[in-house]
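Look at the two complexes coming up: chain A is in both, with chain B in one and chain C in the other.
So, the complex of A and B:
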């Protein structure tokens, strides 16, 4: 049971922070299929920064480097997201196209630069940046409580960071003036414009926040699942985050529920395969658990689903 | 006298920027814009790609030529035994075939306002179903090939219809259900391949029988050894069929209306839910064709736990082709040439293979800006037009 909670949280929270990024962008009215590209590119910048600072040898200073990676991933994701913002807002490109293109470009660019940096600087023909695994901590005392204690046992360092960032992000979205304007941009941009606020600017910032949060989630995946950065980070987590946020009806609270559902169903599936001592081939069958569960739940909860009204529309001042 | 004044004024005006004026005359014609603007975007992206290659210290023109050589458009300096330009070209066509079908699948759904991101999953289901039922049977070629196509169409269409029905019945966003189904099929099929159909050496599913394969491999003709992709014969008729369906039939008209304005369609008495299911079924059937031409054509086996990237690339290819069936034929060709020639380019010029992917990304990036280019051209046209008007007004004013 404990291991299900520990592993489930470790997977669900990075997914959640990426989904919050998606919510920021989509609630401002910009369709964001580019989360996959954002998280990959952000993680790439973080990993590249670590590699640059340590000259490819992270042994011994993994913890400090983890925070360096975190910082650079957030910056990298935000900067890369500007591309999506540029295409969608001033260049008036179709937002779906832009998202797909940015995913393709992110895969191509990161694969190209990773192997190029490795071969030119280190003379190694690999497409990987080794990062090491993220440190974990256990809260003394509380962790002894049955079941609930598991939430405080072997916690990855990034888990509390993500919780703080997520709390702050939901405060900004729901309680601040900027958040109000952002949400209004997604539902009725003309009203925002009439109130004297620059719609393009709000949306631009929203997309950049989306990139920053995705970068954060991406580097956490790189540290927990693969302990390195390689093109295998493009495993569809960005799309899973999109599914989670649509499942959560573009609201942060329900989206957390969707992410936890994914996370716990996933780790429970792994555990189940272990307990039943199934052959490794059967683990594939158990891996469908989170997705089947989601589809079934969606059948009951989708009827009231409503996307932001102006989602995907290019804002045109003259149009009424 | 008036004439002189006008020309003098116009000359003054043109000094603003002859480049803009040139671009506007080429791109400004609205009739040709659907072709000229994508071409302009491709040109821009090739320029950007050339700059990247220059930065790597290589010759961009050599690189682009080797790209064309690798995909059989231009002759290489030398060939291995029993190979020449034609065999390279056919091998490129072999990869092109599934891309065209997949991009058409995206287009049909898009016209109805649906975004089919589950092409890869539908391809996998169709390919797997055809592999298991026909690919591992002893049917003769004359029976097997049509059956492969039918099985592909039926299974792909069924998955597509399921996604459409989930949207219609339960209001489940098609993007979410497609992503979920992608994962579900990927894992289930991986389970079946791993348990029953595994070739332990290649770690893929066992090869399908030669009779059921849509690509004739290693055919010896005129002293050459070539792969003949039979599926390609279907691509052009299917593209025209989709064009006919969308533009000339009642069904196609209804689908497009649903795509343009769901409420208006409902008001006009079109059954919106039914249209969405039909559109997704057609889209899925086309994806099924893409699946069988990929898994029982380009390849002869399925790699477990992997979704092909064709399904995702096809979205961009479709949009590069303006979601128009004929445009898609050309955009698929362009993207396939680049990805297919990338190998040869990297070995000949000595630049990483990923650069081909980067160029593809750049092409798609610039063509995504097509609307912006059009907008700027319109703006420039208006400016020039206004300039003319002002001069003419001045001229008249002078006479008065």
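So, the complex of A and C:
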């Protein structure tokens, strides 16, 4: 039981912060299918920075390097997201197509540069930056409580970071002046424009925040699930985050619920595979569990959902 | 010179294919209600959009309080204390009234003592006070999606007052309101003037101008025709100047000449989505050369009758026959081909494809036939020829002729296009639903003449309208619907407007 909670949480929170990134973009009115590309590109920048600084020799400075990776991933994600923002806002491209193209571009770019950097630094063009696993901590005392204690046992360092960032992101979205304007942009940009606020600017920033948060989530996945940066980072988590934010009705609170559900479904699936002593070739079938769950939830919840009214609409001042 | 708060001198604005404003100069005094009168597409809204910074004039100058200004954005207009209530409200639907009003000028507060945030509580109070002061009662905590159209309009007015606007522009404010709401709004406008605000009222309704305005500028096809003192001018003079020719308020009608029955509706029953009966056992018939008008207050099942006859919604009981053939279960196209023309109430949703060209829209009910379509391939030339001919014959005005996107056309010309298309079908039955809704005098006159011409040409006309004057003026036979039932059917000459009004309110026939 404990292992399900520990592993589930470790998966759910990075997913959650990526989904919040998606919420920022979509609540501002920009459809964002590019989360997958953002998280991959962000993680790539973070991993590349660590590799460049340490030349593969991280012994003794793992924690410091983890924070370096976080910082660079956030910046990398935000900068890469500008591409989506540029295409969708000033150039008025179709937002769905832009998102899909950016995902493909991210896979190609990061694979190419990973092997180039590796061949320069190590002389071997491998497609992987080895990172290791993020440090963990256990809260003394509380962790002894049955079941509840599991939430405080073997916690990855990134978990509290994500919680703080998520709280701050909720405050900005729901309490701050910027958040009020951002959410208004997703409902009726004309109203925002008439109120004297620059719609394009608000949306541009929202998409960049989306990239920054995705980069953060991406590097956390790289430091936990895969212990490295490689093309295997593109395993559909970005799309899972989109599914989570849709079940969460584009609201941060319910989205957390959806992410936890996905996280626990995934870790429970692994546990199940262990208990049933399935061959490792069969464990792949367990990997589909979150996606099957997605399909089921889609059937039941889609009808009651209400996306932002101006989502995906290109803002054109002149249109009546 | 100082008495003028707004001066617009020699303003010219061109859009592709149209000169929206041609050397227009107006001067507005502080504290007056100044009306801008003109037909749809005369350039009233464009002129005011320039004052509000949404467009910039190609030529000309704007002076506010005697100072020359260049207004490049609504934000700048707001700084100059100019506010505007747009025809289409600009409100965030899932926000509260307060949130909508403060958007863009949010009063600051501290969240948890240190994080900058928006002071919603304080704003709620402030908005409540503001709304009381101007007699615009609203509940600041209510969400826009839960309030009525007239309340939304009040929110728009409050938005201007919150921004301390001194010059208030109202763009066709009464188009969406009921008669009582209109009276109330006009009171508010007078109240605002009395408290020192300058009001600019864009409208094409003469009675409103007569009721509240002090002076009135009349535009016709982008040009300023004149500026009048309202008190000393008759509505007739204003109407003539606006349309640019003599307007007759009276409808000239030839004696009726009825032929055989075309449409027969027997025991028609229609259910809505919730399974409720909205049309209950309605029977009537329409003959050739007859205008059968259905009167009724909005929402009493009239629209459903029309939709059931044209096949847009299914009939759950009764029969509909055209020239003796039962069409109760036929498809929409079958009915069109069998001889039904339909001018729907919602011309933008049902009547037109707004992003298609005028030529395509004009051929919308014929495109599948020769010469428009030969062996499954569309023939562009046929579309063009047909479009050009109709534009010519029905005087449809548009920026770029047949290739104009219908969305960019004025409401009156959109309606002309639909009427042209439907008349060209040469159907035996023509159904007009609210054919003059939202149109100005000139366009209304035109549509009425078309309807009468079709009747005199021997077609059967079913007219559904909420305008009692229109029904009394045009109909040969009047039926009144109330709560889904047809209360009374009688020849028009046996009924007075008052009697029809009583039936509309549900007073049963003896």
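In this section, the second predicted complex is superposed on the first by the 300 of 320 C-alpha atoms of A that agree within 3 Å, B and C clash if a C-alpha of one lies under 4 Å from a C-alpha of the other, contacts with A are read in each partner's own complex, and residues count from 1 in each chain.
Here, contacts are C-beta pairs under 8 Å (C-beta built on N, C-alpha and C of every residue); 3 or more make two chains touch, one makes a residue touch a chain.
Fair warning: this is a prediction, and the values are worked out from it, not measured in the lab.
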With the two complexes superposed on chain A, say which partner A:194 touches: chain B (first), chain C (second), both, or neither. second
So in the superposed three-chain picture, is A:177 touching just chain B, just chain C, both, or none of them (first/second/both/neither)? second
Between chain B and chain C, the one with more contact residues on chain A is chain B
Have a look at where A:292 lands relative to chain B and chain C in the superposition and call it first, second, both or neither. first
Between chain B and chain C, whom does A:122 touch in the aligned arrangement: first, second, both, or neither? neither
In the overlay, answer first, second, both or neither for which of chain B and chain C A:309 touches. second
Does chain B (first) or chain C (second) touch A:67, or do both, or does neither? neither
Show me the chain A residues, by the header's touch rule, that chain B contacts in one structure and chain C contacts in the other. none
Interface with chain A, chain C side, in the complex: residues 54, 73-75, 78, 84, 86, 88, 90-95, 99-100, 103-106, 108, 111, 115-118, 159, 407
Per the touch rule, the chain B residues reaching chain A in their complex are 115, 117, 166, 170-173, 175-177, 179-184, 187-188, 190-191, 194-195, 304-305, 312-313, 315-316, 319, 352, 354-355, 357-358, 360-362, 364-365, 368-372, 375
Touching chain C in the complex, chain A uses residues 171, 175-177, 180-181, 183-184, 187-188, 190-197, 309, 317, 320
What residues on chain A touch chain B, complex-wise? 33, 87, 90-94, 96-98, 100-105, 107-109, 111-112, 115-116, 236, 239-240, 242-243, 246-247, 281-282, 284-285, 287-288, 291-292, 294-295, 298-299, 302-303, 305, 307
